Every structure is written in structure tokens, then in C-alpha cells.
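Consider the two complexes below, in which chain A is the common component and chain B and chain C are the respective partners.
On to the complex of A and B.
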């Protein structure tokens, strides 16, 4: 047996760690052998700390702990493992084959201690930040929970700011994130299912839903799609988002993501399913509909009239940010008769002596705006001033004064840019379809523009997110369908949850529902 | 097979629908000359001499808009319009033209042949206002001084709007002209433009009406007559009625502002006798009294109303008489109303409506209601 393990160890020095511990099925009774086994597995990994010690009275109680530096809470190891084992008055008359069990039961102070025999699991728990406890003369080990390590504190997300509402945001730690949502939904029906994805990274992901609200079909579909993922690593939830989304070639997102626990809790309460990914502060939600692009968590906390107005602004600007350049182009270059005479004259005067055709200058200016936007996102904040000055003064004012582009083109570009920035979670689709419409309008005027609009509309209508029509509630305002789409109905009127998604239990406020009818 | 059929079908629809659309063309605004207005005169060599007013936009920090006129002759309107390009260099853009001015001479020959091209072409519009220049040639109107704007056509359009609201000129654009000239039993009218000499400068003035009978210009009405005409045609948009009062040997002038007017034309026919009942119901307000006489009691108001009713009745009756005797053109649309109300009678008399109209009996009923006396409740001089 010893020979076999030694031989194996020699072999595995050249093999990957993965293969190594999958082939080892058991430990040896010799502590030294076991130590060298783990030393081999974690060869060249100098963060592995091996600490041997023994009880002050019982000589035979020779122990050794393994952990990865930085992954554990050193205080737990010092005070709850080493200290009790060292100083405990272990009597000699403990049956020698029962010592490990005794230590687990009476000595080690920890909330989570398990007896383990498989080397695979021992290795993975060391990696996860637990401490492995070996004892001379036993081929079993204790895994003592000692997870630690630094995590980012809970801060307000910077991706989307709000004025009213909870300010906490998710962090990179999945357990902390789960607890943030759990604190909002105190109900045993809140279900949590873990799953590891990534052949090399073993990234912990977790499906959350509320039993009785979430649809079985969507849940099964999500699990099926997650099972099909074969990838070596998941660094951010964006990987999974793109790997499992419907309409994979479309620029429209069919899986939502949010950095805010209150948003995730609210979506769970609507029957949606959340997917947490370790290491990513962005939690995914399915199904994701087009109206969710225009919903902000603040809508639900503010006065409903104000919220509805804001939501209409978002919806309107989403449409206009795609269409305005194309409409401008077709009016100015194809359908001058549709412009009021004074407007035509002022456009005509600003065009005098401008070298490029309107369509070319529009493309150039929109491209420049996107360059400025990208620079603004990526640059260090200390050089922000420079980009601002270049963007506004040099490109805007100087270009018009030098008659390189006409002033209306600059105005249209600026207007489009601002409206694009209002809907940041829409931005990829906006830029792509804006260009598409602009090309259509430059060839055929309003006619080409409308053809492209029809294509865009057909595309949107054809998308489904986990079986739910992507455009649901956008085109219908009857009954309860429109209450949370273009507008946000007052809370006392939102008696039903969104249909299809929460088909299991549609009624949110049953007493009010009765009154309404 | 089925997989390729749908994209192929979509492609076919796309290509067909692209190719079979009407004319479209990519053109930049600075590459064309925007026509503000057009004047049509009788040509010396060819039939038509047209003058277009083109807007000239100068580049610079402040946009400066001036206009220039180009005159060219042609055998047809379109011929002349195309000939202009040889001088202007740029293509003319007609969609934003505001006025079309016809000279007296060309209108006497016939109006429809002038505006037929305007009706037919895709770029020209039907909401362009028609004017007939009374005293001068049409092209001279553009040479007159504008009081506010540099582009005369825009000034003229603004003037038409204001004059129509004062009932001093009728509203007439190409669309309405087409409708009226194709309707049986009504003769068309067109507002007239004049050049008024003042301080050595010529100012265009829009006032009065040209009477078009059977597509030809037959005569003119002045501004006051035009106001009476709009009463009969029920096109009153506003304006002032001036009423003379003779009380206690004091001669008083009262200005009445017209607020609302409703005219009802009812043809009454029995056997061969056709009569027209004209009911005019006007609401006015006192806007000016230049005497110390108080008329603000119930009696005085009633008196003023009655007096205004009589004056209005007299004026309208005399206008109808004048039109019947001098021009015999049914510019009031009595025939059209008869045709609307009683098609059978119209079928009998329609063919010689001119004869019938000449001796048509019109019963005029007027009612004037004074609504208020504006911001003052008493005469200004009272209590002195």
C-alpha cells in the first residue's frame, strides 16, 4: 500500500493537480506519508501552510493542519484549533482509535467540522479556505471551517446611482451577496441551489428563486443551459450571460443583471430567477424583458406620477436615440418639403461651404462621440478635464466655426449622445441599430428608414427570453399588462404580478383585487 | 427548400418595393435654390414670363438672408421654370414657395393654364397663395420695399394672413381655387396686390378682390366691398364695422369689432321662381366711440344695433346689385348652394344660371349683437 502511494506520488509530480487528487482515494495511517502526499499535491504552491503540533500531555496526539495563506481567518485557526488541541487535558485512557472523534466532539471549537476520507474533497476544501486537520495514526481527516480572507466592504454601486432607495450593493463574495438578498426575503420559500461551473476555476454559482412563484419550466431550462456550459473558467457573470442567452447574435440583452440587492429581491418576488456568480457583483436574472431596460429601482420608491414620467422619458429617449440621426438625415437630404421653411433656411445657411455631405459628417460626428464616450469610461479620472475640453471646445465649437461640419449635425449628435447615455443598459443595441437606420436613411430617405424600423421591430418581436416574449407588455396596455411597462402604476393598483413569468401565483394583493372588481 | 424560400421572398419584396417607389434623390440643401415666390407676366417673345424670387443665404457667423429675382420667358410655365436654371446655376426647389402672383393681363387670358403646371408637378404645393397684381406687372411686386423681412414673398404671405383676418382680402390658395373653379354655380375670387407709393418708396399692399368668371379676370372689388363679400360667403374672420350715429344733433362714429359671424344662405324655389334668403348673424363689440354721447343704456345699445343692422343690409344689397348688373358673376356661390339643397331645380336652371343670377332676388336679413364695450364701461368724456 505504501509502496503504491509512493509510486503514485512520483508519477503525479509531473501530472496536473486535477488528475492527481482524483486518482487518490484514501489516506495513509502515517502522518508523515499524508503530509508528503499533500505537499506533492500542492507542489510549487508556497501559500500552503503546514503546521505540526501535539497535545501537551498526550504524546501520541500528534497533529498537523493544512491551510492556504490568505484564504483563512488566522484567528479561528489560532484560537479554535491550535490552542484547544495544545492545552487540552487529554487523558491517556482514551481509546487510541477514537481520538479523532474525541477531538472533533470535545476539543475543537468550530461551528462546522466534518470528518472526511476522500482526498479530493480535502483538497477542494483547502482551496476554498477551510483547514484540514490530520492526526497521526488515522486515515481520516477533519475539515474545519475557517474561511476568511479580505473582501470588499458593501458600498453603493457606481454603475447606476439613485437618490432614494437602499444604498447597498453586491460585492465579489457570493455568500455575502446571498445574505444581502436573504435579509430582504425572510422566508423559507427562498431557495438556493449551488452549482460549480468552470473546469479549472470551479466557480461557485447559485440559482435563487422563490418556490411557488418561479416557474418550474424556466428553472429547469436554466439548469439545463448551465449544465451544458463547458468552459475552463468563469471570471464574471458576463461569461454565463453570454453563454446561455437567447438570441445569441442579437445586441439586445435577454438576461438582466443588477448590482443591487433590492432589485434582485424585487425581481425574485415577481417570479424571476436569479443567478449569483462568485467573484462578480453583478447578479443575473431571467427571464429578462425589453421593458426592464427602462425600469429603475427608484421608480418603485418614488411617487408614481413622477416615476411614470421618468420611465416615459427613458422609453422615449431610447426610441429617439436610435431614430433621430436617421430622421434628420432623411428630412434634410430627401424630404426638404417636410421641414418648416425657416428651419430649412437656417439649415441651408449652416450648410454653406461645408465640405462633406450631411451623411458623411453625421457618421463622423457620431463616431467621434462614441470615441469620447469610450475615452471617458476608460481614462483615469485625473485626465478627465482634458477630454472634456477637447470634446466640447475643439470638436464642437471649433469644427462649426471652421465650417468642417454644420451646426445642426453637431446638435443632432449631441442630442443623440445624451439620449444614448440615459439608457446605458441599452447602449450596444442603440449604437448598432442607429448605424443601421442611418445607412437605410442615407440610401432611401424616410422610405429606407421605415424599412429598417420594420426589420428592427420584427427582430424585437421574434426574440424570447426563456420562453417569455421579449416585447411582452410593450404593445398592450389593457387590463394589468401596461401597469408596469411604459408607466408605473401606483402600488395599490398593481394587484397582479407580471403574467407568464409568475403564472404560478399571479395575485399579489388579493384583498385589493377583490375591491377593484 | 423551405429554409431558403423565406429569405428569398423577403429579398424579392425588398428589391421590388425599392425599385418601384416614386422619385427620390439624395440632395443637399445647399445645392439648391429655394424659391420663395413666383410672379407670372405676359411674355414679350414667348407666352409666359416668369419671375422667381430666390432666397440667398450667406454663410458667416450671422446668417443673412436676402433674395434675388430672376426673370425668364418660356413657351409654357415649365419651360420657363427650367430656363431659369440656365441663369441661376442651381436647381430650383419649389416646395417652399409661398405666393404666386399673376399679372392682370395673364389673368384676363385665363388662370387655369398658368397654374396647371403648379397643380401637376410633384414638387410644387397646393397651399401656395394666389395674388393678382392690379396696378403694376406682377414682377414689379417683388421690386417693392419690404417693411419687415428682406424676402418679399414671406412679407406678402404674412400680409395676406393679416388682411384676411381683417376681412379686407379673401383667402385663396391653389387648392381652394381648384375646388371653386371646378364647382358649378360659383365664380372664384382672388385677392389683389397693389404697389403703394409712400415717401418715394413702393410698398406692396394687399387689399380688394379680383373677380374671376369662367377662368378669366373680369373685374375688381375694393377693400370695403371685399368685407361685404366675405359676409355673404361666410368667410368673415374679423375686422371692423364703422357705424355712424346721429343723436341729439351730434355726429358720432362708433367702431365695432367683429367677433363672430354666421351667414346662412337658403335658396327658396317654387315653380320657376327662385329666391335666396340671406341671414347674417354677427356678434360685435364696441371698440371705439369718438363722442361724449353715452349709448350704454339698453336703449342706446338697441339703437346702435339696429343702425348697424341697417347699414350692413344696405351695403350687402348694393354689392349684390353691383355684381349682378356689372359682372354677372356668381361669386357668392348662390348657385352652388342651390345645387346642394335642391339638385332638381339646379338641373333645370343650371345651364343658364348666368341668366337666372342676373335677376335673382336676394332677401337680406341682418342681425347684429353687441357683446360688450371692451375695457371701458362708460364714455371717456362722461362726467366732464
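On to the complex of A and C.
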């Protein structure tokens, strides 16, 4: 019902928009009429600048330009449009009768000028930061590219730091982002397809892939899903990420995002497809597998033994950050016989006088840790010290001394917290499944814990990302599948690309492959 | 929805987990006393011809599952009756396995927890798994089986100091008859229970594979069972009859230094996972059968109902553990014999006949 109402509303708004435009479709030959037409369209928008001028010699060449203040590069307009039109000796240079065409060909200095007749397109190009050029006596207009406006400079992304590797990061401008990737893949097979999403925002998005590597099926599926999106606005790529996700209710991400051009370039070279969204420094990649959560771009630039070790740590901590509290709980409350006696004694002595059962104190402490984490990410940096002191002293030491919680619980919480922060990609899934496992363990001890683990893995195994099993390569060590999963094999050994994703062209290093045989 | 596919490896793993699942809890071939491991070998030899029959049926009707095959071979009316029998068998076996687990939890792990709680939790797990489908179960098993192997091997190694191999002597002390009896019971539980996989392997990929899958699956799982049986015998000796769950007790006696002791909970993982896979397969076959009976498009719509009924059946099926043991060793082999041996052989004969006739008629394997 709601959907239907929404649809109707949408239809009426689009209709009214069309109506608005269709009333004044087509330009007049009179310049004054045209000016008032555009004034009418941008009625309450005071950033629209209308500048009329005429040529020195040729009095009949009365022209007028429209642009939005702040969206354009004023230098381009001054030097490449107004200056030449004003000072050029038009009466001598112009031969044919079509003055507008002559201006386009000979006078206006710009890399991109198009002749336009439709008002709709003129309006949208003004909004995009181009300049509209009207001439007295013509019902056509020139659209001159003059996009400008400030963008953020290329800086190192703060979401993930690296020690070795390229330091540039994406910005909010889609064209700049594209150029960053293109500078790394200098190949005509690098394809770029644009698409506008968002009924009101008309956000530019673009699909990038390398022809011959990316699978047609995945590409078509991505386009299909993008076509299905009907939303009024896209502000960040996160919108699209959630709208086209494979398993909508799952806390696991099946679409990757990165802020680094080198990461995106490497994924494109593996046969993946990238999706750039204007206004967002995070570029999406599909298909996205679970192992990619543990891959860092630095792995590929450092020594492979060191990288493999780091990757194993990441994988290990991802598992333990979910399981440690539940294992601790089931050992302490149900299976005390599993613990060595001295450890059991010290745990139970530290629990003396603590009012809450272990499960309650674990829940409380984990919740407090998440609160601290949230406070740490959002707070202004000047108050960081206060949070630190409160977190360490008040909640840690003082809570134990006051016998609100036992010391082992604090240790487990701290351990879990650190391990959660190692895998920030996983954080939502970690928190949800950690709680889930904790509940299971509090009901049935290690048995409940195991059942919840099985459910977790059933869920993981059932997810697919654009047709590719999410857990692919985790279980296989055969051939070339496992060499970029739990470990990072040395570059000279990675002669093949990932099997299912780059099925079109598997060979990455043909010369080495030949030697091996 | 595309057809679910199972690779050979996943199928072998499923069989292994299915076979070792509940048999590791209750022990196999109890009639043969300290020759139980020989009984397992005898059971393995006995099951070999049955494997041939099962895989032959599967390769004659590739891509079809048990209930399709029944309709194709036995005709409409008789096949319905046989299908109902198999649905009951799967349903009942699933409930028995669940109950095994419930007894296990109730006796050794949590005596104060009502048995319904573990039954219900594991039953829900099975429902989730069956709804996700055989492919997901296969992949999950492929992920977990290496861990299971690791646990089994480590526990086996740790148990070496406790082994008293003289407990195994005298070999064949009380003659051949108990060993054959034990072998017969090992045939019915767990080996020939794999008859249910005919209902699942419609999703297998290649035509040649059913025999390979059955062969390797049964062989590896029999090896595991033989090794653990020997371990249990050699660790527990004459005391083994006083335990309901000999594996658990045997592992519980492992003690190395002052640090590694009482590690039986680590074995719980094998139990939980094995029981889970076994009862899920049973539930899956039962649901598929019911779905076929009533011409449903997808069996998934009846999984929850069937699963809940299975949980309830498992709750009311026995009064106590003694009854379970009596049923498992005394009654079950004869109860299961028709399902595991007689009906499959009948189907096989009819199937061969049908296949010959089809070949004569139209020379094409596509003919129904």
C-alpha cells in the first residue's frame, strides 16, 4: 500500500516536472524571452548569474551567459568565453550566416562545446557547472564546459594507515578518483560506464572493469541491480552498497569498499568490478569474498612471510574476537573440569564477593567497551584523554577493586575489544555473533556454543556475493586457490588469478607458469 | 532457483560425518565384547555389496532422488507405500539420533537441564540447515571435517599412554557367533543407514561418482570407527559395559602431566557436529519425501513443521537410557533390515529391468 502511494507520488512529481519543462520547451529566437525563461526556471535561486555582453564591432552579436556561482571556474568564463567574444573582430572573421556555429568553431576557447536545443538538458548542464551561452536571434544554445568549484586535495586516507605503499587516497570527486585508478592501469581495456542514480540528486556513478578479465555475468547482474534502484538521493556509496547487497539481512558485507586507488586497481586486475560514486571517497568492488576482509594492501608490498603472519593474526583474531567470551563463559560456568586446578582456583577466588553471575558481568563489560569505542570514534580529539582515563581507571581498576566485576572478566573484555579492533571490517558481524554465541553458551555451555558456531558457519556458507560463494578459498588449499587466502604466497608463485572471479583469463604471469611446467 | 550441486569431496565428507556421528557416542558392535572392532570390520565387509547396490541405483537414475526412483521403478501405487515407509524411516531415525544426543547431554554433561532444551536447540539447528539446503550443508561439512580429523587424531595420540592392548585379548575368545552378531548390528548401525543418501545424492555432479563417493566415505569412516573402538576397548577394558557412552569415558581418562586432563569436552565437538549432520540428513530426506508425496514445488515449506514433529517424537520416544540401549542393539538391526537391505535390492532389480527395457526401446538414456 505504502509502496503504491509512494509510486503515485513519484509519478505526479515527475509529471509535474515534465509539465513544467514542456510548457517552455524550445527556445525562442528572441534573447530577452530566453533570458526570462531561464530566470523563471531558476526563480528563487540567487546563485544563477546572468551576464549579457556584446561584441565590439558586430553590434548584432548580443549574447548572454548563464552559470551557477560556485559551481564554475570563473577564470575559464572570463578568459575563454567573455574575453574572446568581446574582443574578437567578428565582423571581419565571420563568413557564414550561422554566427553561433562560427562562434563555436573559431572564437570560444574551450575543450568541450556542444550545441544544444533542449531546455531540459541546458538546465541540467547549468546545474552540473557548465556555462550556457545564448545568442540573439538563435533558438539554440552552446553549452561550454566550465566545471569548477573546490575539491578536497588528495590526501592519505585516515580510515586505514599503512607503512609501505602508495599514500594517495580517493576524494569526493568522481573524475579525480577515476583518474587516480587510470594512472595505475594504463590500458585501453580499462572500461568506464556511467550511470545516474537518484531521482532528485542525479548522482553520477560509474562501473569500471577490465575487459577480458571481468565476467560478463557479474557485470550484467551489477547493472541489473543498479537499474532496479529507485531512490531519491544517493549521498554516499554506502547507500548503494546496502541497496544491492546479496544477503540483505546479514551483518556480513558482500560488497567491498576501499579508499585507496592501489587497492581498487589490484582488485580490477583480479577481475573484479569497481563502482565509483560521486561524492564518496569509498569505491565499491564486487564480488567480495570473506578472505578480502583479512587482506590488506600492505601485504602485497612487504615480505611474504611477514605478510602471511600478519594475515594469520588477522584471521585468528577474527575468530577469537567472536568466540573468546563465550568459551570463557562456558568453561567457567559449565565445564570447570576443563580448566587446570590452579587457574580454576584463582578465577573462583577473584569471583568472591562479586554480585553478578559471570554472564551478566560479561554482557555489561562488553557493552561498556562498545560504548567506549563509539565515544572514541565520535568525540573531538581534545577530550580523548578524559575518555582514556575513565575507560582505564574507573571502568577497569576501580570496578575490580569495588568488586563489581571480577578481574578475569575485565581481561576477557579487554582481549576481545582489542581483537575486535584489528578487524574493523567485521565489526558489526563480530558484535552480533559474539552476543549470539554468549547467549548460546549461557544456556548450554560448550554445546550451546558449538551449535551457535555451526549456525554461524551455515550462514557464512549460504551467502553468495554476485554468484560467487562468500567463503570461497577459505577451505581449499589446492592449486592456486589457497595461496592468497590465509597466507599471502610470494609473488613469483602467484601465477594465476582467482579462479571463479577471473575465469576468462586466469594467467597472471605467463612466463613463470611456463617454467613451472 | 538453480539446482543444488554437491561435489564428490563434499559428498564423501557428508557420508563420513553421517556414519561417525552418533556411532561415536553410543559405540558400535557391543555384542562382540572385546572383539567389537572385528565386528566393525565384519560389518564393513557386509555393507560392501549394499554400497554397490546403492550406487548402482543412483547411477542408473542420475540426478534423481530416492522418491523419484521409487515412482519410476515400482509404479505409482506401490511406490507411494514404499515412499511412506522411507519417510517414516528417515523421520524416525532422525528422532532417534536427536534423542541419542539428548541422552548424552542429560547423562554426562548437564543432568539438571531438562532434556527438551538440548533436543529443541539441536532440532532448530537442523531446521535451519535443512532450509538452507544440502549444498550449504556440504560446504559447511567440508569446512569442519578437517577440524574434526584433527581432534580425533590428537585425542588418539594423547590416549596412547592409557592403552592396554592386552585388554583386546583373547581375540575371538568367545567364538565367531558374537562377532557375526556384532557385525550385523554394525551393518545396520551405522553403515547401511547411508541408504538415506540415495535421497540426497540426486544433487551429485558426475555420473561415475556415486560408487566412489560411497566407497571412500564408508571406508574412511569405518577406519575411524575401528580405531576409536580399539581405543575404547584398550582404555576401558572390562569396564566398558558400565558406560553408556564409552568414547566419552575413554577420552575422559586421558591425563598428561598436570595440564592436559579431562579433555572430553573437546570430543563434544565431534558429537555435536556429527549428530547435527546426521539428523539434518534424515530430516532433509523426510521433508523431500513428503514434498514429493504431495507434489510440492519445494520441500522447504514443510521443514519447520516436520522438524518440530521430529523434535517432539525424539522427546517421547524412550522412557530412559536403558530403553535406548536395548532398542539400539537388540531391536534396531531387525527393524532397519528391510529399509537398508531388502527394499534397496528390490528397487535395484526393478531398476535394472527398467533400464534394460528402456535401452531396448529407445537407445537413449534420457528416456524415463
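Here is the rule we use: the second predicted complex is superposed on the first by the 489 of 517 C-alpha atoms of A that agree within 3 Å, B and C clash if a C-alpha of one lies under 4 Å from a C-alpha of the other, contacts with A are read in each partner's own complex, and residues count from 1 in each chain.
The working rule: a residue touches a chain if its C-beta (ideal position, glycine included) is under 8 Å from a C-beta of that chain, and two chains touch if they have at least 3 such contacts.
Here the structure is a predicted model, which means the values were calculated and not measured.
Following the overlay on chain A, a clash is recorded for the pair chain B and chain C. By the touch criterion defined above, A:457 reaches chain C but does not reach chain B. Once the two complexes are overlaid on the shared chain, A:447 sits against chain B and chain C alike. By the touch criterion defined above, A:489 lies against neither chain B nor chain C after alignment on the C-alpha atoms of chain A. After overlaying the two complexes on the shared chain, residue contacts for A:333 are found with chain B alone; chain C is out of touch. Look at A:48: by the touch rule set out above, it reaches neither chain B nor chain C.
Contacts of A:348 after superposition: chain B is touched, whereas chain C is not reached.
When the two complexes are overlaid on their common chain A, residue A:226 makes contact with neither chain B nor chain C.
Of the two partner chains placed by the overlay, neither chain B nor chain C lies in contact with A:387.
When the two complexes are overlaid on their common chain A, residue A:71 makes contact with neither chain B nor chain C. Chain B is struck by only one stretch of chain C after the chain A overlay, and of the options 63-71, 117-125, 207-215 or 351-359 that stretch is 117-125. Residues 334, 337, 341, 444-445, 447, 451 of chain A lie at the contact with chain B in one complex and at the contact with chain C in the other.
Taken together, the chain A residues at the contact with chain B in this complex read 332-334, 336-337, 341, 344-354, 357-359, 403, 442, 444-445, 447, 451.
Within the complex, the chain C residues that touch chain A are 105, 109-110, 113, 117-118, 121-122, 125, 128-129, 132-133, 136-137, 139-140, 142-144, 258-259, 261-263, 265, 268-269, 272-273, 276. Chain A meets chain C in the complex at residues 334-335, 337-338, 340-341, 440, 443-448, 450-451, 454-455, 457-458, 461-462, 469, 471, 474-475.
In the complex of the two chains, the chain B residues touching chain A come out as 14, 17-18, 21, 24-30, 32, 34, 55, 57-59, 63-65, 93, 95-96, 98, 123, 125, 154.
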